[in-house]
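For clarity, chains are labelled A, B, C and D in written order, and residue numbers in each chain start from 1.
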Amino acid sequence: MIKLGIIGAGRIGKVHGESITNFVSNAEVKSIADPYMDKETETWAESMGITGVYKDYKKIIDDIEIDAVLVCSSTDTHAQISIEAAEAGKDIFCEKPVDLDPARIQEVIDTVEENGVKFQVGFNRRFDHNFKAVKDAVEAGKVGDPHIINITSRDPEAPPIEYVKVSGGIFLDMTIHDFDMVRFLSGSEVEEVYAAGGVLVDPEIGEAGDIDTAVITLKLKSGAIAVIDNSREAVYGYDQRAEVFGSKGSVRVENDRESTAKLSTADRVEEETPLYFFLERYMDSYAEEIKSFVNALENDEEVPVGGEAGLKPVLIGLAAKKSIEEGRAVKISEVE
Amino acid sequence: MIKLGIIGAGRIGKVHGESITNFVSNAEVKSIADPYMDKETETWAESMGITGVYKDYKKIIDDIEIDAVLVCSSTDTHAQISIEAAEAGKDIFCEKPVDLDPARIQEVIDTVEENGVKFQVGFNRRFDHNFKAVKDAVEAGKVGDPHIINITSRDPEAPPIEYVKVSGGIFLDMTIHDFDMVRFLSGSEVEEVYAAGGVLVDPEIGEAGDIDTAVITLKLKSGAIAVIDNSREAVYGYDQRAEVFGSKGSVRVENDRESTAKLSTADRVEEETPLYFFLERYMDSYAEEIKSFVNALENDEEVPVGGEAGLKPVLIGLAAKKSIEEGRAVKISEVE
Amino acid sequence: MIKLGIIGAGRIGKVHGESITNFVSNAEVKSIADPYMDKETETWAESMGITGVYKDYKKIIDDIEIDAVLVCSSTDTHAQISIEAAEAGKDIFCEKPVDLDPARIQEVIDTVEENGVKFQVGFNRRFDHNFKAVKDAVEAGKVGDPHIINITSRDPEAPPIEYVKVSGGIFLDMTIHDFDMVRFLSGSEVEEVYAAGGVLVDPEIGEAGDIDTAVITLKLKSGAIAVIDNSREAVYGYDQRAEVFGSKGSVRVENDRESTAKLSTADRVEEETPLYFFLERYMDSYAEEIKSFVNALENDEEVPVGGEAGLKPVLIGLAAKKSIEEGRAVKISEVE
Amino acid sequence: MIKLGIIGAGRIGKVHGESITNFVSNAEVKSIADPYMDKETETWAESMGITGVYKDYKKIIDDIEIDAVLVCSSTDTHAQISIEAAEAGKDIFCEKPVDLDPARIQEVIDTVEENGVKFQVGFNRRFDHNFKAVKDAVEAGKVGDPHIINITSRDPEAPPIEYVKVSGGIFLDMTIHDFDMVRFLSGSEVEEVYAAGGVLVDPEIGEAGDIDTAVITLKLKSGAIAVIDNSREAVYGYDQRAEVFGSKGSVRVENDRESTAKLSTADRVEEETPLYFFLERYMDSYAEEIKSFVNALENDEEVPVGGEAGLKPVLIGLAAKKSIEEGRAVKISEVE
């Protein structure tokens, strides 16, 4: 039985806590820590059978019974906590992004290596049933050599403007998942980025120095071309589609819906809109990624999404940002 | 160049006239006859290059230049005209139903045989792209031995009550196409029929002695079971679907729509309703059936939908009628 | 916290045990009993936090701490255990069918009423996301008055022949779910049944006195007509579809698949087959039905699927059996 | 009755000839000219009722009975013939591209204006049922303000290498249709173009100085962003999809197939591949564009696809070419 500590008791920390309690039979959450620990979270922890409830995450780092930590705190603390955990010999599951500064991520990677611990980054979409199916088809050679990768990734609504201001910008906050997906699905590295963007959803986002609509073209080492389109507001729901087109064909996935119901009336034939909320849409993938982490620990195997997977999308995001600022294609080597 | 005469200048007669003129390169319509021949039809005939325009169909029967006739007149005249045409040595394409009386249909079949002419019945749906695809899959063995045949056949709106009164009833007017489809798709004969029906759309249809909603179960010689569901009013359009389920799988077809457009809004994801009007839905199949008839003539081959195909569905229809009346399953042999 | 005892530790008993432990926050399983209790089940029980593990179900009936029992034992013991549990004042969740003999089911219903306990029958499909969506659309009046209800219900493979022999026949074992679904979706009672069936999948099933393929037509009190088609073997997977067609339109649901992936190659465009295993297909519905039961207990409300829902489908099944035997439509009143 | 002359008797000239004969009731083809006029074409012309058959197109230009000409000759002759036809007072339907040189297209536009004749460019896809449905939804405001336009346009197989060499390159030969589609669907003009491309299908295409795979990002005056992905070889067929995403939702269209048949077997659920051949896919749109041209003539109305629509996509294509060459985003104003 692997013993875990969760650092950060916000939404995603609790999601992981519930996944582990309900679905991961070979692990248990021993402790949870959050500087803003409150009564509600304590009650929740009790219902999950979590016995250690702290404000100070160091209590978890220092607990020799704990095998691994889940870093679910605010982004600006990910690197520091990961480094401390690595130095304490804990295996680490760290939410994305590891940091907004590539140098700092490299530091985490180096510390992890020096201490011989495992380090997995929380790109949960890789564990989603749909994207996994695309990856499986590509790996099985069903589409041949990938030529074009098409990702549509649109949020149902823009986050609060206060969040936008500290988010690091659309590319590091939202598109970072899609950058990871391009690497995952193509099996190739990104060499050059061109981004076109605008403020079409909400002028306040523009005033906050960000954009809300973007199309990003990525040239890959393999020669393939990937294109991502993003919007902060798809009124019909969370739009999460992908296609890999190659020499032998194409594989693509559509959105998930609550049911398959199709209603035909005098006016139209209608179906349900895509699932709206990201936790509803990706709930299973959160459980799957933690299972994969725990299994890697149990079997002492490589984690499926390692440190490099934490670093590369941040570099791509910085290149995309630079591309928007300078109105030209930017090589990844320019931002390394 | 095969020379055709059309007897009956109503809607379906004109459909055939236009199909031949535009799409059947090895045939031409020489003449058309209708007791209610009017100015509008004459103008139409001229635009089609049809030179003979008559009130009396005998002018077509007697024209030795004409190779074959299309019998598109009212149902009660189909048999008489077919017999006269056969005796005059003309090949015949006859609209469905050949007659409401099986004995009379048999008389037509006998006369056709005696005179060695060809006789095709107008079950156009066999030539529809969707139903042909089902048939092809079945014939290619892709679903193995058929076990269950499912046909959904619903009109967009009920015909005028005056028409209902003289139609011969829903089974001989509407379901007859589906009875033919069961024979066509299954490649087997119907042995027994059970029909459940009701008046759910319009009480006037009930007062006219007919029903407007029906589910008909057919036991086939092969052991397979077919089931047809009919309604006189599907408000969303002309609902024409079919499935053949067998030992190796299932093949099914959906409705046709004007376009593949899918609109996603905050409320719903919507598509277009099925094509509403039968002529729009089945236009191509009308051209295809005439092509097949003309090709059979040109190559002196068997017609694809012969006299027996005209007789059997009428027998099934009569058995269905008897089943409703007597509230029990009825064998085809009881109505032969 | 509602305390539950599970009687019967077979597949479905364990499914309920896991659902309750993982998803039902206001209930817990205190005990489980099974005459064939083994080491494996004991280990499983321990991992679920179930403290009472017995061979004799009476230990559960007699435990005054237990509020309600889940009767998951073999069908022939459902009635007896339910009666004993009712007499002990326990609320009851009973797997379907309650019994194969309507008189015995009535006895259970009477005992339940006399003792003022709750009694829910395990028709889980009512809690499935797809069928619930159909029901919701019907209840919201979106299809108007139902005219035709179409249910396709095909198993991926036939059960072992030993099971077939004691199953009570296809109608009481398999179609019983569909009979319940017709009542649920239509909101109307069945008056008359006509069944056509055959042995097309496996001759051994015929030798065991059963059929493996069936089409059942049901006339409802409302005037609507329902039709169910069943097969014991759909090689492509568990085929579970339904449509309600009415005066204002139609609503229908398709099968669930593992992912939405669509692969286009030179030969074809392909998707995944429907989920194959019933536990995979209906897992969520098992959790939902138990939640609904526990909530009815907690709030002292009526259970959503009561005793009558346990009785009626058995009557319909017996009528269907009689219909096959006598080759005619059979009224429900004939078997009551 | 409008009298037409067709100049160029290749594939597309004949397509128009047949469309007019079969579907355009208010026009007729009087003459056809082609420098390589042969026996086969003469026979075809006769079967279409075309009486004038010439090698020299000037016979058509000089025929005062002819109201309008269809310029279906090789691309390098489009401008010259159009100018001569305009000067002879003929209305003109000209195949795309009008010319590869924008200055020469402007010359045609000017001559057309000076002579007060009508000039329509052959962007047939605007008349396709699917793309029209997208346009209609956008114009009806159903998706609100367009934010992202996504076009997937992939040929089933690359053209012969000899054709590639004289085609003007992928952007002027193939993407030109998509550039027109962006203008049509968005109702906005393109301001800036960034193209990423590669040779992934066939190295010979690279040796011929062209590319075979491309992703093109277009910034529009409205602020919207369009993205086109092209491939010269989609092995599964002609892939022609589009989406317009906006403030109120999204509308998208899928490929057309021969039938709606869905086959479920033990291995997979399969559908037909998209229509493969562009003439099969777009046949109806060719008839519709000619109808729209003839109707504009008959009613003396503006043609739906005028000279500017012939010029702009060529400019966009030249900008895309420059973007590939210089590895940067290129403004349309740079190539005007």
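In this text, contacts are C-beta pairs under 8 Å (C-beta built on N, C-alpha and C of every residue); 3 or more make two chains touch, one makes a residue touch a chain.
Everything numeric here is computed off the predicted structure, so don't read it as measured data.
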Pair sharing more residue contacts (C-beta pairs) when C-D is set against A-D: A-D
Label of the chain whose CA centroid is most distant from the centroid of chain D: C
Inter-centroid spacing, chain D versus chain B (mean Cα positions, whole Å): 40
CA centroid of chain C to CA centroid of chain D, Å: 58
Distance from the mean Cα position of chain D to that of chain A, given in whole angstrom: 42
Two or more partner chains touched - positions in chain A: 234-236, 248-250, 264-266, 272
List of chain C residues in touch with chain B within their complex: 145, 147-148, 150, 152, 154, 194, 196-198, 200-201, 213-215, 217, 219, 223-225, 227, 229, 231, 233-236, 239, 245, 247-250, 327-329
For the chain B and chain A complex, residues of the former touching the latter: 234-237, 264-274
Partner chain A, residues of chain C touching it in the complex: 22-23, 25, 47, 129-130, 132-134, 137, 142-143, 248-256, 258-266, 272
